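What follows is a set of structures for review.
Across the two complexes that follow, chain A remains constant while its partner is chain B and subsequently chain C.
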Partner chain A sequence: MSAVRAEDLRKHYRIRSGRGGEDRVVHAVDGVSFEVPEGRTLAIIGESGCGKSTIARMLVRLAEPTEGRILVHGAEGVDRRAIQLVSQNPWSALNRRKSIRHALEQPLAVHGLYPDKAARAARVRELLHLVGLTDEYLGRRPGGVSGGELQRVTVARALAVEPRVLVLDEPTASLDVSVKALLVNLLLDLKRRLGLSYVLITHEIDIARHLADEVAVMYLGRFVETGDAERIFSAPRHPYTRALLAAVPGPGREPAAPLQGEVPSAVAPPSGCRFHTRCPMAVDACARTEPALEPDQDGRLVACLRADELLSPAETV
Partner chain B sequence: MVMTRVLPRSRTSRLRVPRMSALTWSGLVLLLLFLLLAVVGPLVAGTSTARTGDTLAAPGAAHLFGTDHLQRDLFARTAEGARVSLLVAVAGVGFGLVVAVPAGLVAGYFGGRWPDDLIMRILEALQALPLFVFALFVIGVTGTGDSQIGPVTLTSTTKVVLLLGVGFIPYFARVTRSATLVEVQEDYVDALRVVGVPRWRIIAGEILVNVLPPVLVQAFLWIGVAIFAESALSFLGLGIQPPQPSLGNILGDATGYMLLGAWWYSIIPGLVILVATIGFNLVGDGLGDALDADNRR
Partner chain C sequence: MAPEPKAGGAAAPSPAGPALLSVRDLAVTFRTRDGEVPAVREVSFDLARGEILGLVGESGSGKSTLLTALMRMLPRNAGITAGHIGFDGTDLLALREDGMRRLRGDRIGLIPQRPMTSLSPTTSVGRQLRWHLDGLDEGRLKELLGGVGLGAVLDRLDSYPFEFSGGQLQRLLIAVAALGKQPDLLLADEPTTTLDATVQAQVLRLLLELRDRVGLTMVFVTHDLGVISQVSDRIGVMYAGRLVEVAPARELFDAPRHPYTRALLEAIPGRHRRGEPLRSIPGTVTGANRLPGCPFAPRCAAVVDRCHEENPEVREVGESLVRCHRAGEDL
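Up next is the complex of A and B:
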């Protein structure tokens, strides 16, 4: 059974316009399906505004899908203990006037776990140790603690209810570079030790490269390429994936020029292929025909009309 | 993986003598003077209704603040009046908070959705009614004496407390709501929902502790306003009824005697009102500044 299964997820937000005008509909997520096998990590990557955080919110039931369904370990109902969230900004994710002990105790209290006082206190310490922090942190408030340490606390809080899936929404985006690696290592370690499955939402390609087993590349509410992480990172096929990866500097490689222009509006997505307005490979047909995600011969799915022509990647994108 | 053991930084003391501006200092002095009069005054002075035998005596060694037209000692009356005014003001602000804080929290939590709309429309209706017109109406209907509502007896003092509280509800609720609107944007609110914490517990247990400090600062500031408003109501005869003294009704009694040369009769309670109002305002401002500084830290 897969850890997470999303079937044709859609999230549309209605924006009320003033008098007279018609309501506009933002297609934040527009028909996305994926599966995360147990014990694996799916990274959803894309620029900001592509809808990836909306997927995170739907997965942890902070937002209801407009259409489609989400199954966590086969179950469709809301189970707060099955799937938990680690969000981007640890300073905001913890109440600044509450102690770290309180933050870790609360999930236990809400779900009636470890009702015995001593057992609960022991569990709180255990959670703290699990993320590599010491007992000294228990009585402290977020104010005097560094971002990397606070993010460990939010991971510990998410793990308090013993979930089997973690949604990591830009977990390292607000951390210093030196601390990012520590958190990534912690997440890898926890996954192995606790048998967790991750859905990683990020725009940081390096982080995805370290954590992901599988990748879904998202553009304007849809996936354009999904498949095995190693294959996609080593040989991206979709022009958008190529541009995204080429923009990251690597050893001995200058980053390519980033994509021109802005991400088009999700209120009125472009006709045909949504990427055609910015795509260096676009032909006339791209503006008319919307490409479906088609399996490639190595097992990945690519949504591009010219996918076959792009099999042997051009040197420049 | 090697778990790094990260040592916490040394805890900085949270208790520090705050740096205060000259204005805050002077406010603090005024406030302490007023509190001295209102708290200690009634204990050292005689009864406020006793006749001394001196009619309209000027302030002096025998009578620190002079006497009034009914031969009562004005120090005793002013001190007792200050105590009553302070209690009524604090109770009025407290009553306002008890209603306004939950209303503002709920409105802010549901910002823009129907519970917010409903609460805000009610508050606007309440605010559209000027306090004094409302007071005139209520006192006009129920009279200045005690009123019996079911099993509850409302004294004139209780009525003032309720009137002040009702008048303050819209302001306190707005402050609470705007602080809550900011607070619900914080990620911890979502994080707690994901963990499964019930909504009321997020509001009452988590958001409240962050919203309360600025609201209490506002409330403190408004104690000065409440003393002023109570005095005005009592001055007009709508508030606290004689023989119970209040700063306002002493001032009300004094009208007319100014021209007879009894300047102390109205000047002294008037000054006390001024001192109290300014004191609470300046110290309240100082508290607000201290809170802002604390938030920036």
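Up next is the complex of A and C:
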């Protein structure tokens, strides 16, 4: 059974229109399906604003899908304990005026777990130890703890209710390289020890590459390429995936040439292939026909009318 | 040959001409319930017009505090306790608040680390753009937003901040601070952390182009060593409130001198096999700013007795300035 199964998920936001016109609709997520096998990690990568956090919010039911189904360990009903979110910014996730003890007790209280006082205190300490922190942190407030340690606290808090799936929305952003490494190691270790499954959203390709079993590449509300992480990272197929990976900065390289053309609006997504307005490979048909995600010979799925032509080794970057 | 120690607040000389910004022995302290916390100590550097200084360092090492101190926008429980900030001949610390406000308006810009907290949640984004940039006409607005890849949200500027993604909000602030106000000095605090690689490349190109075209001067904070190597002329490395190494960008990567800088470069992922534990620097920075001696001593691979007793002064080694007792030795 899959840890998470999402079927044709959509989230459309209705927004007020200026000057008395009709309301318009933001197509934040526009028909994505995926499965995360138990104990595995799916990384979702893609352009800023393409809908990644919206998927995360739907998975943990902070946003109601406009359409589609979400099953967590086979169950469709809302089980807030089974799947938990770790959000990007640990400072805004925690109350500055409350202690770390409070941050860890709160989810237990909300779910009525460990009602006995001594048992609850023991559980809080256990959670802290799980993420490699000591009892001395209990009395501290978020201001008195470093960013990396605070992010561990938010992981501990997400684990308090014994979820089976963690949704990690940019968990390592704004941490320095060493602290980032510690958090990545912690996530690998927790996954093994607790049998967790992860949905990981990140802009850091090297982090995705290190943690993910599978990857889904997203552009303007849809997936354009999904499959085995190693295969996609080492030989990206879709023109957008190629552009994205080619733009990853490295020492001694100039900033990559940006994609041509305007980023299209999620209010009025382009016809045909949504990437056609900026795609270096686009032909006339791309503006008319929407490519479906089709299996490639190595098992990955690619949504591109010219996918076959992108196969030849001479063309793979 | 042992390098000559330099005097206490030795500045990193900027090779590119007279300084636009000159910081000397700056110290910032937070008053907390557990007493005074020094967040920035003895920081000195010069920046020439058109120069870009990259800043890296441990989370909590004082990078954001340094930038907000330069803007004189520290939170109420913080204060500048020592030092001097010169900006284009003006002593910023002697300036009255109204004079400072004028400078902030059009000569020194800040892209803050957390966009969500610097926007009003209850006002439409379009109105906030107009607060910051008065007399903004449609054509100019289109140009500003297009420059940061936000042309797509032009038709929904009457929406509120929560209706945009994290990266979209960050780009709005970049458009305001860098393009809209066209400052002489831009302080950018992790400006591209929430952006994917293609949009990030677009923003970096835009900032570099501003530097080339109008001589924009920048302090650029980031944890991304790939990004910092692409944008910086010089790189400063912070640890526990101190600038422990300042060197030309190439020099820092080719010949890192401070043990912390070396450890940082070794922790870059991508040099590891998938799923293997990543290397990190053992120990924690917590408490380091209360120790006598070198703040990195408890975690340093090259530590000697002296490091625990005496705080190292700045030394010049080749083109680098390093705060380490063993700077210049072959380690």
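The rule is short, and it goes like this: the second predicted complex is superposed on the first by the 297 of 317 C-alpha atoms of A that agree within 3 Å, B and C clash if a C-alpha of one lies under 4 Å from a C-alpha of the other, contacts with A are read in each partner's own complex, and residues count from 1 in each chain.
We adopt the following convention: a contact is a pair of C-beta atoms (placed from the backbone, for glycine too) under 8 Å apart; a residue touches a chain by one contact, two chains touch by 3 or more.
It should be emphasised that the depicted structure is a prediction, and the values quoted were computed from it without experimental measurement.
S.K.: Contact-wise, after the overlay, does A:Pro280 reach chain B, chain C, both or neither (first, second, both, neither)?
M.R.: neither
S.K.: If you stack the two complexes on chain A, which partner ends up touching A:Gly195: first (chain B), second (chain C), both, or neither?
M.R.: Touch status of A:Gly195: no partner.
S.K.: Touch test for A:Arg96: chain B only (first), chain C only (second), both, or neither?
M.R.: First partner only, chain B.
S.K.: Of the two partners chain B and chain C, which one touches more residues belonging to chain A?
M.R.: Counting contacted residues of chain A, the larger count belongs to C.
S.K.: Regarding the shared-chain residue A:Arg81, is it in contact with chain B (first), chain C (second), both, or neither?
M.R.: Touch partner of A:Arg81: chain B, not chain C.
S.K.: Based on the superposed arrangement, let me know which partner A:Pro107 touches: chain B (first), chain C (second), both, or neither?
M.R.: The answer is first: A:Pro107 touches chain B but not chain C.
S.K.: Of the two partner chains, chain B (first) and chain C (second), which one does A:Gly299 touch, if any: first, second, both, or neither?
M.R.: neither
S.K.: Looking at chain A, which of its residues have contacts with both chain B and chain C?
M.R.: 88-89, 92, 143-146, 148-149, 182, 185, 188
S.K.: Within the complex, which stretch of chain C touches chain A?
M.R.: Residues of chain C touching chain A: 32, 34, 56-61, 113-114, 116-117, 146, 149-153, 155-159, 163-168, 171, 190, 193-202, 204-205, 208, 223-227, 229-231, 253, 263-264, 267-270, 272, 274-275, 277-281, 284-286.
S.K.: Tell me, which parts of chain B touch chain A in their complex?
M.R.: By the definition above, chain B touches chain A via 1, 3-9, 11-12, 186-188, 190-198, 201, 206, 209-210, 297.
S.K.: Within their complex, state which residues of chain A touch chain B.
M.R.: Spelled out, the residues of chain A in touch with chain B are 60-62, 80-81, 84-85, 87-89, 92-98, 106-107, 110-111, 132-134, 136-137, 140, 143-146, 148-149, 154, 157-158, 160-161, 182, 185-186, 188-189.
S.K.: Any idea which chain A residues touch chain C in the complex?
M.R.: That would be residues 13, 15-18, 24, 26, 45-49, 53, 88-89, 91-92, 143-149, 170, 173-182, 184-185, 188, 203, 205-207, 209-211, 230, 243-245, 247-259, 262-267 of chain A.
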